[in-house]
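The same chain A turns up in both complexes below, where it pairs with chain B and then with chain C.
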Partner chain A sequence: MKDKTKKYSLFAGFIVILLLLISLPSYASSYRVIFVTNILMYVILTLSWVIFSGPTGYISLATAAFFGIGVYTSAVLSGTLSLPFVILIGALASFCLAFVVGSLTLRLRGMYFTMFTFALVQLISNFAHWYEVNVTGTVGRLVISLDSTIIYYSILVVFCLVLLASYFIKRSKFGLALQSIGESEEAAAHSGINVTLVKVTTFAISAFFMGAVGAVMTMRWTYVDPPTAFDIRLSFMPLLMAIFGGMGNLFSPIIGSSIFAYLEEILTTKFPYYYMLLFGGAMLLVIVFMPHGIEGVFRKFQKNNKQESAKKT
Partner chain B sequence: MFVKFLDIVIGSLLMGGIYALIAVGFSLQYGVARVLNVAHGEFLMLGAFAAWSLFTLGGINPILSLVLCAPVFFMIGFLIHITLFRRLKISAESLAVFEGNSMLASFGLMFIVQNLALIIWGAPVKGYSYLAYPISFLGAVFSANRIVTLITSIIISVVFYLFLARTRTGKAIRAAAQDPVAAAHMGVSINKMLALCFGFGTMMAGLAGLLVSMTSIMVTPFMGMEYTLIAMIVVVLGGLGNIKGSFIGGFILGLVGTIVSYIQPGLSMVAFYLIFLLLLLVKPAGILAK
Partner chain C sequence: MKILDVQGLKKKFGGLTATANVNFNIEQGEIVGLIGPNGAGKTTLFNLISGAITPDSGVITFKGKNIAGLKPYRICREGIARTFQSVKIFAKMSVFNHILIGYLFGDHKNKASGSSSEEVAKILDFVRLSGMSESRAGDLTLANQKRLEVARALATQPELLLLDEVMAGLNPTEVAETMELVRKIREKGITVIMIEHVMKAIMEICDRVIVLHHGEKLAEGKPEEITQNKSVIEVYLGDSACLPSET
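So, the complex of A and B:
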């Protein structure tokens, strides 16, 4: 009974937040709207990263690659198609790349996989740069930028979609399969799960949303080139935010990434020169002192409370 | 034709020497201390800046700086292991968790070192010229400083190899790499050995940086990442943790890099990644694996 009321109140709280977000452009300045857009971008990237890496434990550093593919697709198509199609094609391009890359590399375990995904970003970025210089003879592309409200609503739609996707994946048989792969890959294979297919599909789904975000966020720039599109920081941010929040349930990564992205936006404007230094320091502190994130700290606190109340009685 | 061929062979040897030195340090840190140190290239960058500062401000010969900087870099690595990675090792439940966490921590370290360098030295590229006169050998021409870097990096690698193979401490390090639990039972102080290895690895990265800076390359706070990636590729080529393999792998990658940049200059990094990809798929245990 108690669980059910808790569930309903959570759901109601979520609806309220969503309504606040939808009506945001009517009461907030355009600066605030852009601010929230940036935070939502990180929340989406983190959530889609957690879809794959959360349950399976494979640490992927390819986020920037999929984001960048979305950016480039959308930059190439900008002005020729309507926005929803551009986003969809950008997302599908990332999906396809992730499917190919995943089927090649997801046999690799642990460190090897991480190293590979890390190198993938550099490979694509270097190749794009070489291609532009030698084949098309340009560096970068001009983009037709869009109104910040349109970008905001597109991001909000992607956010809702990624939230629904993570919720349903978590609840489904598919999510259970992922979890068992994370626990023990051999055992999962023996109990009849097509391990490779499940891994590759999930990897591609998570890349789908990363590509979609990339395609939307392109519209806020007027010009993109490989270093801005394939910014390696975007590979680390989602991972760090997910660790900071915890990955046990759907809310922890959202909370973690919102807080972190908020701090990031403040820090980049206040200390532009020391920002990356602070970022590195934060990364070390989080890993050393909060390996299970806010969620872990919270749970420890709860546990201590329970133990103390047990002692008293 | 013959001169071209000779150019490629000598060029690849010269590049390979540096790559081998970087990779041996990286391999040591991963193979024994189990830290996939992504900040490896950043210590190389620090080494390059140290050489530049000592040369332009103090007028100190880069070869003398090698001797001066080696203990400093060793201490930096040693202290980082004691303060950061040892703590992570104690709190991690399993080796896999430790490997993941220590890699992430080294990414944090990478950002910190890179941006400290940016604050101290600034973004504009630095460079100096040392022994930059040409030497011609059977028609192939290259500068004298590159010979110095090749010989020095081979000497450092060989001395270190002998240290591992012949001395008591070297034996203890090898034991710690093979089986930490059994080694601890035999009275090897594991924590000390791991910190030693991490220190040696950092020292090699720093020395490689000093050597790289001699070859009139542009020194910037962002030069490290490229070398970290090269180290990773070489180490996978030679087998993770295999020090002899890393040494040989360095020269192989030097050869490939020289050939590719001869044919299509912009693509040498892309070629490296492709080799990396193929290796991971076909022979993830390295070329020397049985």
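So, the complex of A and C:
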């Protein structure tokens, strides 16, 4: 009974936040809208990263590659197709790449998989650069940028989709399989789970959303070249944000990445020279004092409360 | 009726021959014990049958179909389930979900009519873990974790069950309970091959024993015959002192 009311209030709270987000452009300045767009971008990247890496424990650093594929697809198609199609094609391109790469590399485990995904970003970035120089004879591409409100709403739609996807994957038979793979791949395989297929598909689904964000975010810029499209920082951010927030439920990574992205934005604008220093310091404190992220702190707090009330009665 | 037929099975790890030309077959409904000294290739044989590793050569026929080299999940769905020497459970997952996974992913053909949670409850009841349905698997005792592994394997609705040292590390009461469980499994019509070092269990519940040594079959026969076999005593059982039958 208590669980149910808790569930409903969480749901209601979420609807309120969603309504606030939908009406944002009507009451906030365009600076604020762009600000929130940026935060949502990180939230989506983190959520999609968690879809795969959360349950399986495979630490992927390929986020920037899939984001970049979205960016590049969108830059190439810019002005030729309507926005939803551009986003869809960008997302599908990332999906396909992840599927192929996943089939080849998801037999690697632990450190080796992480290193490979890291190298993948460099490989694709350099390939794009080589292609531009040798084939198209340029170093980048011009993009027809769009109004910030349109970009904001596109991001909001992608956010809702990734949230729904995460929710349904978590609750499904598929999610159960993913969780078991994270615990023991061997046991999962001998229980009848097609481990490779489940891993590769999830990896591709997570890349799908990364590509979608990339395709949308391209429209902010007027010019795209490989180093901006395949920014390696975007590989590390979702990982750090997920650790910061926790991965036990859907809310933790959202809260974690929102706070993290907010901090980053504030620090870069207020302290442009000390930003990295402050950020590094904050990160260290988090790792030392909050090993399980915000979620861990919250749980501890809950536990203490329970013990206190138990003492009183 | 032969349910499993293994012919000329060979597997090398580099220069080490783990199994060399192993031949045997298993009748439907039997409980067969697989014994032998450490490194004899018992677990390798299980890994080959269950698809964890692919044989270099040889044929494994299960219900008339060659399954050598198939992926583990395929072999599981064909009807061969297994447990592991060192328990491999999903530590953070609930007992209930373990069984549910086995049930959902194991078999596609013989799904029972009841809802999945009813089926899970039945299996939990069968292995006597009913009270622990919501416990985290990692919090269970070793004996219960081993039961859980058996239950997960059973949930895939196998026709052949491979038990890899389910009794190792258990106390005498738990061993007795597990022996009872294995008997009950056979009564359900499931064929069992078990690797075991607990000779008491082998003697009491196995219909037949296969002895492996250096990756080859050293002997095969009824438990009583095996304990009399000179070469088996030499390589595995040791002196007659431990065998009450030789007075």
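What we mean here is this: the second predicted complex is superposed on the first by the 293 of 313 C-alpha atoms of A that agree within 3 Å, B and C clash if a C-alpha of one lies under 4 Å from a C-alpha of the other, contacts with A are read in each partner's own complex, and residues count from 1 in each chain.
Note that a contact is a pair of C-beta atoms (placed from the backbone, for glycine too) under 8 Å apart; a residue touches a chain by one contact, two chains touch by 3 or more.
Computed from a predicted model, the values in this text were never measured in an experiment.
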(message) Under the stated touch criterion, which partner chain does A:Gln179 make contact with: chain B (first), chain C (second), both, or neither?
(response) second
(message) A:Gly192 in the overlay: touching chain B, chain C, both, or neither? Say first, second, both or neither.
(response) second
(request) State whether A:Phe159 touches chain B only (first), chain C only (second), both chains, or neither. (result) neither
(request) Based on the superposed arrangement, let me know which partner A:Phe244 touches: chain B (first), chain C (second), both, or neither? (result) neither
(message) One more residue to check, A:Trp130. First (chain B), second (chain C), both or neither?
(response) first
(message) Applying the document's definition of touching, compare chain B and chain C: which contacts more of chain A?
(response) B
(message) After overlaying the two complexes on chain A, where does the chain B footprint on chain A coincide with the chain C footprint?
(response) none
(request) Show which residues of chain B lie in contact with chain A when the two form their complex. (result) 36, 38, 84, 87-88, 91-92, 96, 99-101, 103-105, 107-112, 114-116, 118-119, 229, 232-233, 236, 240, 266-267, 269-270, 273-274, 276-277, 280-281, 284
(message) For the complex, give me every residue of chain C touching chain A.
(response) 50-52, 71-73, 76-77, 81-82, 84, 88-93, 97, 100-102, 104-107, 149, 152-153, 155-156
(message) Show me the residue ranges of chain A that touch chain C in the complex, using the header's touch definition.
(response) 173, 176-177, 179-180, 183-184, 186-195
(request) Report the residues of chain A in contact with chain B in the complex, numbered from low to high. (result) 59, 104-105, 107-108, 110-112, 114-116, 118-120, 122-123, 126-127, 129-130, 133-134, 236, 239-240, 243, 273-274, 276-277, 279-284, 287-288, 291
